Amino acid sequence: MALLEFDKSKPMDIIPMGRAAIDFNPNELNRTLDQVRTFTMYLGGSPANIAVGMAALGKKSGFIGAVSDDQFGTFIENFFKNRNIDTSQIIRAKNGEKLGLTFTEISSPTDSQILMYRNMAADFAVSPEDISEEYIKNSKILLVSGTALAASPSREACFMAIRYAKKHNTKVIFDIDYRPYNWKSLSEVSIYYSLAAQMSDVIMGSREEFDLTENLQYGNNSVSDYEIADKYIALGNKIVIIKHGKKGSVAYGADGKAYKVNSYKVKLLKSFGGGDAYGSAFIYGLLEHWELPECLRHATAHAAMVVASHSCSEAMQDIVSIDKFINERKDEQVITPVDWKVVL
Amino acid sequence: MALLEFDKSKPMDIIPMGRAAIDFNPNELNRTLDQVRTFTMYLGGSPANIAVGMAALGKKSGFIGAVSDDQFGTFIENFFKNRNIDTSQIIRAKNGEKLGLTFTEISSPTDSQILMYRNMAADFAVSPEDISEEYIKNSKILLVSGTALAASPSREACFMAIRYAKKHNTKVIFDIDYRPYNWKSLSEVSIYYSLAAQMSDVIMGSREEFDLTENLQYGNNSVSDYEIADKYIALGNKIVIIKHGKKGSVAYGADGKAYKVNSYKVKLLKSFGGGDAYGSAFIYGLLEHWELPECLRHATAHAAMVVASHSCSEAMQDIVSIDKFINERKDEQVITPVDWKVVL
Amino acid sequence: MALLEFDKSKPMDIIPMGRAAIDFNPNELNRTLDQVRTFTMYLGGSPANIAVGMAALGKKSGFIGAVSDDQFGTFIENFFKNRNIDTSQIIRAKNGEKLGLTFTEISSPTDSQILMYRNMAADFAVSPEDISEEYIKNSKILLVSGTALAASPSREACFMAIRYAKKHNTKVIFDIDYRPYNWKSLSEVSIYYSLAAQMSDVIMGSREEFDLTENLQYGNNSVSDYEIADKYIALGNKIVIIKHGKKGSVAYGADGKAYKVNSYKVKLLKSFGGGDAYGSAFIYGLLEHWELPECLRHATAHAAMVVASHSCSEAMQDIVSIDKFINERKDEQVITPVDWKVVL
Amino acid sequence: MALLEFDKSKPMDIIPMGRAAIDFNPNELNRTLDQVRTFTMYLGGSPANIAVGMAALGKKSGFIGAVSDDQFGTFIENFFKNRNIDTSQIIRAKNGEKLGLTFTEISSPTDSQILMYRNMAADFAVSPEDISEEYIKNSKILLVSGTALAASPSREACFMAIRYAKKHNTKVIFDIDYRPYNWKSLSEVSIYYSLAAQMSDVIMGSREEFDLTENLQYGNNSVSDYEIADKYIALGNKIVIIKHGKKGSVAYGADGKAYKVNSYKVKLLKSFGGGDAYGSAFIYGLLEHWELPECLRHATAHAAMVVASHSCSEAMQDIVSIDKFINERKDEQVITPVDWKVVL
């Protein structure tokens, strides 16, 4: 039996909530940003990428968020519409807020930096009054990106959306997705992350992100991964995924089973973008009521496919391609059952 | 058996958290404020009044909050020190914040208005980093005043304090204490009140305050008092008190018993100040492990004694005086067991 | 011939521009503020005091400024109306701004401190769009208080008012009136004070205030009083008054004559409030086309009468009383012609 | 004799003051911005372009302004250094301010729009304390871009720089350069533009910009160009240039002579960028002590050369090229003496 049961009568599969942004990736590689002359523009922002990923996998995705009231906002809306993502709940920020921009500096294949434009970012302009109870009621999943908790009124909009989700049996996935911008203090990070995490059904994040969520409560890394998993499962979560970068990640289920996940071996073009590919294939599996190992296998396969390409959003794959990739690599052991108290 | 068990090894009885302020009450009564010439200055602010009330009743009280870095801040500290209230966790706001002021307009015995000075109020300057885990660990009760949730960083400081309280078995009393100042929207009120209420052990508020807490979830007054009580008891609260002004209030216990509370008949000098007197005597009873009816009787008696005097903070009574008042009025039936679904 | 000629066809005598506020003076003297129990409330704020002073002297005064939209704002308006000061250009600040408050601490007859409430002060809410060209055109004098330059939009409103005054031959008196609150930096002070001073007809200030106006240009006190006077007379001012506290002050006229002004010997009740009394009697003399020495004699007499009383605004005198005071003290030599390069 | 005499002992020719920014120009033309895929990055911002233009013409240019403390700030500094522009007074904004970005939408050869990123723009971070009196003293010209007056502390920094310039006989050129971003109201625009214009030696702007400067004083276009010129010449300006777009512009000299300036006929690539080319060649002429008509001829020639190319900053010409262009077009009558009261 799957860890999460979805209400099949709900027509929408998933509503990612948070930022949609634009990535400017340099066309001249292996140099610092001040040496670059031309850029290519892509849709970006973790929850927006997940919406695109889910749509590429054939799931019905909506979106909750605010975009700028200018041509860049139109770019986002058009990009979504062209992929059959519902845009009815995307609002236009009306007080001069601008779409977040990410200029990527690819100094070398293994060393990339980003330069963020997030002063008065449009995505924070979504307010609790903008949240439609009906919209959330009609979706199997609400996915909240942690960055959306960094500032008001977006922060309150997220808590309102979670409240509606819990009222109407819409499952809540909390993707911690920490970005250091816009937060006022680490205490603030910890407080709002832990409030969200105690109300979600699935939490995903890196170990660093869980430390941010917990640190004021437990102190410096004095807790094991499984203790974190125990805590959030006790609070009602069904799945907790803790990522350790190149060392792989561990997924803990409320049924007491844990799995280690490793990466497929691929040639990296850039060191970012895999997370959203991972997330969308993983959620695809949940929606298909697959067992946890199968969800995880598709997640790590999708991630591998995306990090080998130039963009995030435009490299999202369909399920046939992912299955083909997995089949071609069937000798690589990427999913392993592990002891609950495993240390990575 | 009492509804709440306290850890007797904790040396502090209660830590009210929130604002300490100054009340300016007019010496010339029955006129509008612009006609007043002289004012008398009193300590004010609901949690500060409760600290004074608890101290008057002989309990060991601390305080968490920020005051202005000027003579008025010194006034608050001295006032507390003179009453043996611990001031070690009172911080001075360093960025020009000023102590909140309340000028009372007593137009007639039944009609009073207030003029508030709360722009850059000092009390909001307390931050999560200011909260001492040890201090909270050493107290039987943490009382959070809802107004402290109205703005950052005080809002986050409250959630941090609640986190420490829950970790160390310090009971949390959430006194909704709504003031329309400083909140940005009613959605914001509802979101943060409901987050606090789902983590507390005791909630006290007027029916209007519970409506603010719930309204976005349930809609316009479509719920009964007992449904609210049920909800918060299910979330872990042991006592829920819902006040209906002159009609009296109802206290719901996690043991399934409910009591109606009425006011003693007294000549009113002013229409405010009773709530903090009520709160401090009620909490006194909890700390004494009294049964709920006895706690409530002292609460309503103390309230009656304070509304008949010119100030709040300086009129707080000791237990001998309250007992004497109750004894003199023993023919007045103020506490009545009622059906759980009673409607006031 | 007088240094300033006024257009007698203009019906209003003077429009002070800037803050109206409330002073709370303690009724219990010779103690620090945290020991005080009761306060008496007076109208305050330098340009408001001058309006009251001019009205007491029988001149037709208006006022430009913003007050709070509450009972304290009503207090100011009523106070002015009762003294026949035109209130048609007093606006109500609509965004929660509050009237400035000054709590006075009179620790001893010679030592007084103030505690100011000026966060989101209502007086800064007057904007250039609020300024009526017609209103200024119809007045002989516009008096700008330097504090009104400390923040926007009041700052821009002052420059707009000065622009209209210069266009319509309304004389501009710049009363530097420096308060350290609300300014962001000393550079800012210097920049806006010097811009105002180069467009005025009369400047009045203490030597410290002139240093603030000049310091970035000249450096630390390397200039004499007369060099400052020379500069501003060259830029078009007709009278420059530089005050040196107890040492007296010097008034420089555009006719090349300078006068030293000393205080009458009186028993001081408090160490503040004389400046506005000085200003109003001095301007009264200008409006009467008196010679400079006669203006100055009345100024210093009026100051002496006011510092001996409990309030500023309510102690303002009529001309008969001032003349009587001067006549009684005719043996005191308070006005002396001095060399232009005199050093105090 | 030239209208402006420069002190030849000053080693620096000109210090433009204001914003340095980045222009992103689309590589795919004739489409709206949301359809563009790749952009080329250029240095932009009017005073930065003028610095580049002056350097291309062989003059010694400095710069006063703030840039972001990131790779884009480094791009600006490197761009300047490579052209021998002094960068010693360029400061790094330290509070998260970002360099202004301008995304250009070239919908058609005659229709271009811009999308500006100016929330918390770095250029406004220069403060009066950052201004070096010595630096300004050592330059023949200070050029203030009007956009730098739109917000604090840059606004105050400009007035400080003008103060130093006037003290040390450094000529002040006020290039109105109005952008609607960042200003709070049109009254504010008018107040600060007119304050700057009454202290400058040369003013350049479009008729719309002069209307913004004057409108609150004079009302709706009820004044002729020559009346504006008269006013600012009376206040001390030596040259006033009022531009009327395609109809040409008129230059008024303090010697009472006026000249009409027309554009050379060129094929337009884009509808912007000519102004800074015009300005730099014009100022080159002033520095060479040329007569006004010769300055203007080079200005309009330089403008014509730059609007025909893809960028502003990188298309700036040297004097040989401009002279060659003028020589080739010697039959085009672009400069004409006109009556002072000419109407365009």
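Going in written order, the chains are labelled A, B, C and D, and every chain counts its residues from 1.
The rule we apply is simple: contacts are C-beta pairs under 8 Å (C-beta built on N, C-alpha and C of every residue); 3 or more make two chains touch, one makes a residue touch a chain.
Remember, predicted model here, so these are calculated numbers, not experimental data.
**Q** Indicate whether more than half of the residue numbers at the chain A-chain B interface occur in both copies; give same if so and different if not.
**A** same
**Q** Relative to chain C, which chain's C-alpha centre is the most remote?
**A** In terms of C-alpha centroids, the chain at the greatest distance from chain C is A.
**Q** Indicate the whole-number Å distance between the mean C-alpha point of chain B and the mean C-alpha point of chain D.
**A** The separation of the two C-alpha centroids amounts to 62 Å.
**Q** Between chain C and chain D, what is the gap in Å from one C-alpha centre to the other?
**A** Roughly 41 Å separates the two chain centres.
**Q** Just the number, please: Cα centre separation of chain A and chain D in whole Å.
**A** Comparing mean C-alpha positions, chain D is 46 Å from chain A.
**Q** Which residues of chain D are in contact with two or more other chains?
**A** Residues of chain D never touch two or more of the other chains.
**Q** Can you tell me, using the touch rule above, whether these chains form a line, ring, star, complete graph or other shape?
**A** The chain contacts form a single closed ring, each chain touching exactly two others.
**Q** Which two-chain combinations qualify as touching?
**A** A-B, A-D, B-C, C-D
**Q** Which residues of chain A touch chain D in their complex?
**A** Interface residues on the chain A side: 24, 27, 32-34, 36-41, 70-72, 74-75, 78, 96-98, 101, 103, 105, 113, 115, 117, 119-120.
**Q** If you look only at chain D, which of its residues touch chain C in the complex?
**A** Listed in rising order, the residues are 127-129, 152-153, 156, 159-160, 163, 167, 184-185, 187-188, 191, 194-195, 216-217.
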